[in-house]
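Each structure below appears as structure tokens.
In the two assemblies presented below, chain A is common to both, partnered first by chain B and then by chain C.
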Partner chain A sequence: MNRDTLYAIFIEELVNVAPDLDAGTINKDDQLQDDLELDSMDVLNLVAALHERLGVDIPEDDYVQIETPAKAADYLAAKLK
Partner chain B sequence: MWDTIKKPEALRARAQLTTGVRAGFSWAKIEDEVLDGLPDGALNIAYEAVDRHIANGFGSDTALRWLGKSGERLDLSYADLAAASSRFASVLSGHGLASGARVFSLLGRQPEVFYTALGTLKAGMTFTPLFSAFGPEPIQTRMEIGEANALVTTEAIYRRKIEPWIKQIPSMRLVLIVGDDAPEGCVALGPAMAAASAEFDVVHTRPEDEALIHFTSGTTGRPKGAVHVHKAVVNHASTGRYALELKPGTVYWCTADPGWVTGTSYGIIAPLVHRATLVIDEAEFDLERWYGTLEREKVEVWYTAPTAIRMMMRAGKDAARGYDFSSLRFLASVGEPLNPEAVVWGNEVFGQPFHDNWWQTETGGIMIANTLDMDIKPGSMGKPLPGIEAAVVNRKDDGVTPCKPGEIGDLALKVGWPSMMRAYLHEEARYKKTFAGDWYISGDLAMQDQDGYFWFVGRADDLIKSSGHLIGPFEVESALIEHEAVAEAGVIGLPDETAGEVVKAYVSLNPGFEPSEELEKSIRGHARKKLGPAVAPRTIEFRKTLPKTRSGKIMRRLLKARELGLPEGDISTLETDES
Partner chain C sequence: MSVFVMPSLGADMEDGKLVEWLVKPGDAVHRGDVVAVVETQKGAIEIEIFEDGIVQSLEAELGTTLPVGAPLALIGDGTVATAPVQKPEPRPSPPPAAARQAAPAEPEPAEAKPEPEPQPEPKVAETGAVAPAKPVAAVPEPPAAPAPPAPAVKAAPVVASGHVAASPAARALAAEKGIDLTGVTGSWPGGAIVLADVERAAAQPAAAPATGPAAPAKPARGFDIEAMRQGIAAAMTRSKREIPHYYMTHEVDLQKATDWLAQKNADVGPAERLLMGALFVKATALAAKAVEGVNGHFEQGAYVPSETVNAGVAVALRGGGLVAPAIPDADEKNLAGLMAAMRDLVTRARAGRLRSSEMTSGTITISSLGERGVDQMTGVIYPPQVAMVTFGTPRAAARVVEDAIRIRQVVAVTLAADHRTSDGRRGARFLTEIEKLLQAPEAL
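Right after this comes the complex of A and B.
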């Protein structure tokens, strides 16, 4: 899967967890907690959803690497190479 | 059953709470030992927390060590904090606010919340913190009930959540915005502080004068504003010393959000009263950052919450390896019952067990605790602190009857401790209902074992405890039915291994709407916008009808029993079943 696809999947799962967000207005550099107002349970649910969808394990130490959509796409692309 | 964690004699000997202290304890004695007071019996929390330390020659001690999200650091001495809180008090009085006014804050973990709280109290006004992650609806409701006169917040929060309805709060006189600029109709706090006098004579409040209002959720109806008075500081003094082991100079980190009662009682007041140094981390939970902070700041006493501890546990012990936690000397946890695994895990990773304790918004301070001098039974909330009489009881019309050891009943407290709430704002009947004779009935079910340890069993009502936040199902249901598709809603808490409980909603739909994934998201998104992520349901399920009593009340208990496959209990009042 290429990075663009992974970016799209990330946004899709993000909006599933937090449907108050509008996919069209999410910026690639928006911080999940500071800008998009996710709380820590949302982040856990997002990680679980990504695991379900992509079979990828994201350990707690790596949460900082998915803190924006852009970073998350890079991270997922590297993980799923 | 988990093994009791026995404390070695050397460790026990370090405890400030001893058998002798327990035996000789009185509220008057602790007040005399820890607090200074003001002339003629006046008592002011802010004076005890800050000003007197300067008068006593400790103005240069570090009060706050603030760690910003992006790595900024800011140290404030007690003298700095005294000056800032005086300036804030001057700003309030300069805008015509006087003793008795109500000042609300909607701030994160930032230095402003400290001088807002202390300056408000210094000026003889009432401080009410709100959780900044609340959506607009819970904020508006609380500001209406509390008749807010002033609000301190950030521009981002103001524009997103406040501006559209602020004019509907008739009592509101002053909105202060952190920073150098403010939207129209608001005042920028930065320039206002710079122009205000750093001299302000602390108002000589009486011990029974209103000081704090903390909102808490009810099962039915609107949230309740629990009123606390300046005298509460006697509890903060006592529990800071005996439940949290604070001493002058202790490096102390309370991870609670300042928008909740723990963030005020133990994030601001108790540690400052004891002249500790407070570590404040602006950022949300982040594993490496937290471990790094404990090590780098040489944190000695750490007060945190089960959800955070369980997140650390998920990352495993290896993630903690390589950090030096040798400065830690006391670990405590509050917010919801701490599972035994977490108590033991703390002992293995930090070399100290977590000491769980129990209290509520209404109690104002810690009531029951595992203390340093006690052996710990993992999973228990501990024993009553000095001055506190707690019991497991059955409620009768005019009083209580005690339960036998091992029997489940209401967890109750004998009235008379200084930080007990004095009222639910404008709700005398609801306030009275929480007492049976001279016992306060907490609404928590518990049991006491043969050795006197208390064990949490559950809530006696439908309130939901999620990540330490008490959530009223009625408030969530009310927001859900504002969605055009929703006819009725029933909200319950489901057990969750990380958050304790998570909010789940069942909804039935109005004619013309059909269940779909899209609609589920639309309703959930609506609830998040209104309520904020901490309060909104994480999942929503559709039902044709919800189980109701004859009087039309949704039977949440039944929804929950069915969800969890538990016995349905007494369903004689069930009129319409779910479908």
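Right after this comes the complex of A and C.
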């Protein structure tokens, strides 16, 4: 899966976790908690959804590496290489 | 025979708009069943009934805004003839928030409301008496992990006797546009309808015939931020006017809990991981059970302690706004059970699917500022409760441990308590009890 696909998947799962977000207005550098107002439960649900969808288990120490959609796409691409 | 009335879902609620009936005359209902959906300042709330019986008649029409205490339905045992109930005049649809504030207060049609049979349902709004309703609905199983989002074109799921799952924003827009939600396709996992689905439906008028309850272009009342702000303003103003708060903060060493949690979470997949927030809720609930004066309601001039600890959990909503639905018997749940309950509450708070019992049964409220917040916050008690506990953002700090200075994770725990029901000594015992419990996370 290439980075663009992973980016799209990340946005899709993000909007599933936070259905009141509008996918069209999310920027690649939006910080999940500061800009998109996710709380720790949302982040955990997002990590669980990505695990389910992609089989990537993101340990807690790596949460900071998925803190924006752009960083997350890089991280997932590296993990799935 | 009894009258099922518009319940009060909080100190700040004056009225609610009936948007959905989930029962019809002749249906058998049981204590705890969700029978209607009412839009309030806190969003769409599922209203439960608190008795068993047969629905004799529905006394309120969809789309009307009715004051707390107004009859909604007559409930009988299926044998008694129906006694006519005088319907109160529905309130005119409220003008937009700004205009509403400026307008002189409408007289409460309180005298018009027929006194219902004695009923366990909490009523009475402004005078503050909300009975510590025992939770009747068990917290449901947590929703399954989000389904792989195949191009979701499922019909909106119909749960609990024909109720369409939809977010408050979606309901509000649908009401405004006169769109029948049963004809809208939901795109959220599980098929729930969100705002974008209604917008899509609105853009194709032919596909979505406006057959719903006639709701001509009136300002929709659902979960709009302005209305929610008004509700928060009313409750918090009342709290600060009536409750003699006192406050105290205690810095708690969180290193053991942090290490324990990290180790526990490292061994399991994301779905089984715990959040520090679950430890906070459990420790607070156990301490509230152990120390008198902080768990219950203050109503009609007297403190009514609660046998159970129903932990209200503050959930911040995107775009502003706050709800604090309760987890019943939080002191008796294990951490996994609390996580499941919290996940479920947060999900339903966001989707606008909270239940009336969850809105009124809280006996203490817990607010956790999360991982990227500030050190501490002094809260405002949510009436008629008597205590509010706020956990700041855990942070590393230099602490004296025995004879050395060490870097430890700490959290500031702040209690706002009602001086009518406890004093400083009790409050201090309560906070040190929380501290003690957090030093043995494995026992929580």
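The criterion applied here is as follows: the second predicted complex is superposed on the first by the 81 of 81 C-alpha atoms of A that agree within 3 Å, B and C clash if a C-alpha of one lies under 4 Å from a C-alpha of the other, contacts with A are read in each partner's own complex, and residues count from 1 in each chain.
Convention: contacts are C-beta pairs under 8 Å (C-beta built on N, C-alpha and C of every residue); 3 or more make two chains touch, one makes a residue touch a chain.
Just so it is clear, the model here is predicted, and its values are computed rather than measured.
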Partner touching more residues of chain A, whether chain B or chain C: C
First, second, both or neither for A:D57, with chain B first and chain C second: second
Touched partner set for A:E37, first chain B, second chain C, both or neither: both
Which superposed partner A:I66 touches (first chain B, second chain C, both, neither): neither
Chain B versus chain C as contact partner of A:L6, first or second or both or neither: neither
First, second, both or neither for A:A48, with chain B first and chain C second: second
Which superposed partner A:L76 touches (first chain B, second chain C, both, neither): neither
Which superposed partner A:I26 touches (first chain B, second chain C, both, neither): neither
Touched partner set for A:N16, first chain B, second chain C, both or neither: both
Chain B/chain C common contact set on chain A: 16, 18-21, 33-34, 37, 39-42, 44-45, 59-60
Touching residues on chain A, where the partner in the complex is chain B: 15-16, 18-21, 33-34, 37-42, 44-45, 59-61, 63-64
Parts of chain B lying in touch with chain A, wherever the complex brings them together: 69, 133, 284-288, 307, 311, 314-315, 319, 466-467, 498-499, 502, 521-522, 524-526, 528-529, 532-534, 538
Chain A partner contacts - residues on chain C that touch it in the complex: 145-146, 148-149, 167, 169, 188-189, 192, 194-196, 262, 265-266, 269-271, 273, 275-277, 316-319, 342-343, 346, 350-351, 370-372
Of chain A, residues touching chain C in the complex: 12-13, 16-22, 33-34, 36-37, 39-42, 44-45, 47-53, 57-60
